[in-house]
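As written, the chains take the letters A, B, C, D and E, and residue 1 is the first residue of each chain.
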Amino acid sequence: MKLSRIWPGLVVLALLLAGLEAAVNAGLIRRALMPAPSAIAPVLWGLLESGEVLEPLFATLRLVFAGFAIGSVLGIAVGLAMGWFPAAFRLLEPLVELLRPIPKAALVPALMLFLGIGETMKITSVSLAVLFPVLVNTLQGVRGVDRVMLDAARTHGWGPAHTLLHLVLPAALPFILAGMRISLGLALVLAVLAEMLTGQGGLGFLILDMQRSFLIRQMYAWLVILAVVGLALNGLFLFVERRALHWQPALRP
Amino acid sequence: QNLTKLRVSVIPVLDVAPLHAAIREGYFAAEGIEIDTSTTTGGATGLPGLIAGQFQVTFSNTVSILLGVREGLDFRFVSGASRGAMTPPDIFAVMAKKGSGIRSGKDLEGKRIASNTRNNIVWLRGMAWVEKTGGDWHRVTTVEVPFPQMADALAGGRIDAAILSEPFVAGALATHGDTLERIGWPISETAPGGTNAQYVAMKDELNAHGEVFDRFGRALHRGVDWVNARLTDPVLLELIAGFSRVPIERLRQVALPAYPKGVTPGELDDLLVSMKHFGMTGTYPATSSLIFRTAAV
Amino acid sequence: MDFLELNAVTKDFPSRSGPPARVMDGVSLAVRQGEFMAVLGPSGCGKSTLLQMAAGLLPVSAGEVRIAGRRISAPPPEAVYVFQQYTRSLLPWRNVRDNVGFAVEHRLGRRRARDVAEVQLGQVGLAGFGDHFPWQLSGGMQQRVAIARALAAEPAMLLMDEPFSAVDALTRLDLQALILDIWTRRQLTVLLVTHDVEEAITLADRIAVLTQRPASVAQLLEVGIARPRDPVTTRELPRFLQLRHQLLNTLLARHEA
Amino acid sequence: MRLSARPSSGVVLVACLLLLWEVSARLDWMHTPNWPPLTDVLVALAHDTLTGELPLLVGGTLWRMAAGLAAGGAAGVVVGMLFATLPMTARLFGPMVELVRPIPIPAVIPPLVLFLGLDNTMKVTVVALTVFFPVLTNTMQGVAAVEADTLAMGRTFGIGPLRRALRITLPAVLPYILAGFRVSLALALVVAVVAEMIAGEQGIGHYLVMMQFAGRAPEIYATVLVLAVLGYGLNRAFLVMEHRTIHWWFAMGRQADG
Amino acid sequence: MDFLELNAVTKDFPSRSGPPARVMDGVSLAVRQGEFMAVLGPSGCGKSTLLQMAAGLLPVSAGEVRIAGRRISAPPPEAVYVFQQYTRSLLPWRNVRDNVGFAVEHRLGRRRARDVAEVQLGQVGLAGFGDHFPWQLSGGMQQRVAIARALAAEPAMLLMDEPFSAVDALTRLDLQALILDIWTRRQLTVLLVTHDVEEAITLADRIAVLTQRPASVAQLLEVGIARPRDPVTTRELPRFLQLRHQLLNTLLARHEA
């Protein structure tokens, strides 16, 4: 995005912060609930400058990336299998449909039981959150591959494996990536939630811990960091997606 | 008859038995008060709810209350709620796996101990026990594990020790008695009869409607009397089972706290010393200024 | 010699409720080696179905399809199908060169497929467009890519399902000339399905007219116009006008009915 | 996706897994009371359903979810139409939206509690916030996909802008909006439950945490079952509703996603 | 009397980088009351742009458009535009009756719009199809619905942008006959953009041929074939063949260049 396109939004954002500042200073909002932005900014700066931000940030990011990678790979693999092989679809569909709607947060106790309280549990719960949207989207993408394209491959003598790899996978890629983008957001949510439930570091733990200790300014500072992280992750993904899907109508130069 | 409504934030633990007794026995109604309890499962939302005006009274562990006070929040104690016993059994216990060789804080150095959260009363008492039994608390890693999962985590070897509170102590012994054991009594070994939890309200509310809180205190304290008179009576356990949903057979194994009516500056000062020692430094106001008249008994 | 034979081919489609729907009933048709045959018929009569069965893309319900004397049940190496919808049959994520290479890369590998592709692109007048993506080309150019892809497989027979119906009238004339040229040079056998009576007469040696569903062969006409034929001037010949009149009246009558 | 009436291999697989659950718990493979047999779970489920406790809690959760869905969805549609039709509004408020969007909901709950308390207001807001973004995105996408020709058609008949928005754009965008809602539906349930787990004495989420505190494993898993079935049913019901509302969309051969 | 006048119309489209692109440069064209005029031209030369400006859907950059003597800047009530892609111009959530009624319901209300729709559907041979949805009809029928809708507005002039290019060849002949019939009965003024030279000759009184971009009028031909004209036999007349030859050569030459 060019600067000229985003400056109006930045102005609104600045105005909003200024309004908040004024409201807090005028006593319209209780400082105990919402400190003035000018009071949060130094805390935020302190976290950044001292490098204190790095360790929890990396803890959360590691969790997000590990869970995201595992969940995506699994989701794509199972989705491709279910979409391409009717037998796999019949076998797995009811299970998927039943597991899919369970709030992953509700599974955390069961996961703790089977996987303990460490990284494994957290990564698993993140992976689970990532798995289903990717799976469902992949499945839909595979089933949506144009019949004409598939027939073209057949009339040119392509075998099933070659077709799966060189036709079905790229054709389904827009769907797969859309699912992955949704999942990336969910991965962050679940990572934060898992950290809140079994805190030993990470942004989620810190936000909850700051709140419990009534360090409200610190809490907001970490929240801002979290928002920026989310924004950056999404931006990064969009960038990758644009590269991978340069041929899609909406993305054509 | 027009009842004054009070919304009280509670946690489904043994400590709030007097409040429920007072409700059930009609002591609040007799004072013209209708109590609406809101059960949350951690102090984390109770105190913020109090600040935000959602509740008039909040039950919370003392450490969290004092941390809020440190940050300039005007919490005032309106009644005592629970204290540890002078001698075992405590309402807290440090547990470890049988045959693990862990018996003291010294043994825990370089190991992992579970607490439900950091920087609350359970953790504070646990760390005090570590130090008292010869360990350097800086060298013990605290892992946050929700109470319900602690016994499994301990039995599964995922942590080396855990600080549990009742009724989870009884629960852990009932289900994992063959593998787990109690190795410490964090309150009676470090601060016998030490404070545990209180009821607080906001200063402004108290200034504006002090009379309502007088009535609240009177009714609550009648509940305390009711409970204290039945510490060995099955009806108390039935009451607790009713609001906490803990099976009654488990409650029979549980150690109950002491139910005081008041809060003393002394117990708070003792706690503050301990809090500052374990890293919760800062400036706290004089504790006597924090106690509302209903708790000054 | 007959290169493609359909012998008493019947096709039923299963229907949700009720008995299967019969789309084609005992159709027999033979295309000679090197012949250019066109198929005309009312909309929905089963032209595409017929062509797909000839290509081995769709199983027959009864009867048989033979190509070069062999009975087929899967797409045979001799025949390649050219789809009506070029936008759907080209892979948008591949550039033009790799789209053409598509036809052979599973046999020759990507590197050699690219070389083959370059040659074929030259043949359809698209030399130098290898690096473009399909969506960067006009409709006519895209259909040329599809034709180049089909030719890359070096088929003995082309099966084309309304290959020009989605391009504009002028581009269509271009492509017709291209197909005629390639057909002459390569001595291909061609079976072309079309809606366009003029197109059928301009291009084909013989024209098969199908009946309404369930389809059977209503007429089989010899065009008998000398080659080479120019897409513009051929249409002014008396024989052309006569055939056109005859075919249109047959089709329109059926169409109305 | 259609669950076939015949017991397919998939149904058999689910049954086998459930059986494995029962057996593993009965034989205490996990060495813990926190892994109760399926039958115990079903008994607990039946009991708390018959006492009326669970239905009441589920009702409450659903109510909050629906309110949040309606509020957040309506806001998403309105803002989405606004952003898409008046680009300046998107430029002004877009960055703000983009900054709020990625904040994980569990992280927003603590500060929201400070402003909105612990009750319905907070929970409905949290759900609404969750629903808002997918609906917004989809609405914008939908408006962008309305064919210019379709709108020009309205103009050639002399139809004014408001009527065009109402009679052409809105129906045309409806499939996209509904798709956004369907994605949101699952999220809304999750978030409603999470909010209940974190704060306030309400709903199925609170029940879940209560039972965790009381160490009642069968009730915990009963809740998980209820949520699974609830999620499944809601999705199913939504699909039916969607097919009724935009039958034309499906009739035109578009695939339902998700 | 001239019903539609374009006087020295110029059209520039703003371009991202560099100066605006000139698509049309001082085009003047007049369509007489009751006349049927066709516009031919190479792809991308600006035919649709011209038609949209005549319909008041697109502003001119310079020059003026007059309808019935009035200078216009918004869609005038006298003229209705018929779009090429029926799939995009019909509303899939409305049945056929309400789609046709759409043209007038903002003026007459839903009830009376339905009555109008029924009448118009009868005129295009779709009586009894009011309850169908557009996607339940064939392409040709859908385009008829679009025409019925245009007629419902009772315009004095129809502006049609390749209205038959998306339907098959036989259906196209049907629709051509329909348009000729309606044009005769209603004494409409028609401006038709098409790619199809045969179609232009069969239907029009005069044919305007546009040049490559920036478009100007290259030729303006009088067709001079007696009416009524039959879509099948007209194409066998010498005058038809001569005009066809002439137009194709002009266009193909341009096309090649």
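One rule holds for everything that comes next: contacts are C-beta pairs under 8 Å (C-beta built on N, C-alpha and C of every residue); 3 or more make two chains touch, one makes a residue touch a chain.
Just so we're clear, the structure is a prediction, and the values are computed from it rather than from any experiment.
K.L.:
Any chains in contact with both chain D and chain E?
P.N.:
Both-contact set = empty.
K.L.:
From the centre of chain E, which chain's CA centre is farthest?
P.N.:
With centres defined by C-alpha atoms, farthest from chain E sits B.
K.L.:
Which two chains meet at the most C-beta pairs?
P.N.:
A-D
K.L.:
For chain B versus chain E, what separation do you get between their C-alpha means, in angstrom?
P.N.:
Measuring from centre to centre gives 83 Å for this pair.
K.L.:
Distance between chain A and chain B based on Cα centroids, please, to the nearest Å.
P.N.:
37
K.L.:
Distance between chain C and chain D based on Cα centroids, please, to the nearest Å.
P.N.:
Centre separation, chain C to chain D: 49 Å.
K.L.:
Give me the residue numbers in chain C that touch at least two other chains, ranges are fine.
P.N.:
none
K.L.:
Quick one: which residues in chain A touch 2 or more of the other chains?
P.N.:
33, 109, 113, 208, 211
K.L.:
Which positions in chain D are in touch with at least two other chains?
P.N.:
32, 34, 110, 114-115, 197, 212
K.L.:
Sort out which chains touch which and give me every pair.
P.N.:
Every pair of chains meeting the touch criterion: A-B, A-C, A-D, B-D, C-E, D-E.
K.L.:
Would you pull the chain E residues touching chain D in the complex into a rising list?
P.N.:
The touching residues are 52, 55, 57, 74-75, 77, 79-81, 83, 85, 88-89, 91-93, 102-104, 106, 133, 135-136, 153.
K.L.:
What part of chain B is in contact with chain A in the complex they form?
P.N.:
Residue positions touching the partner: 43-44, 47-48, 51-52, 64, 67-68, 70-73, 114, 117-120, 143-146, 148-149, 152-153, 156, 158-159.
K.L.:
Given the complex with chain C, which residues does chain E contribute to the contact?
P.N.:
So the residues of chain E in touch with chain C come to 42-43, 138, 165, 168-171, 173-174, 195-197, 232-233, 235-236, 241, 244-245, 248-249, 251-252, 255.
K.L.:
If you look only at chain D, which of its residues touch chain A in the complex?
P.N.:
Residue positions touching the partner: 1, 3-4, 8-11, 13-14, 17, 30, 32, 34-35, 88, 91-96, 98-108, 110-111, 114-115, 183, 186, 189-190, 193-194, 197, 208, 212, 220-221, 223-224, 227-228, 230-232, 234-235, 255, 257-258.
K.L.:
Please output the residues of chain B touching chain D within their complex, sorted ascending.
P.N.:
12, 37-41, 44-45, 48-49, 51-54, 146-149, 151-152, 155, 167-168, 171, 175-176, 244-247, 250
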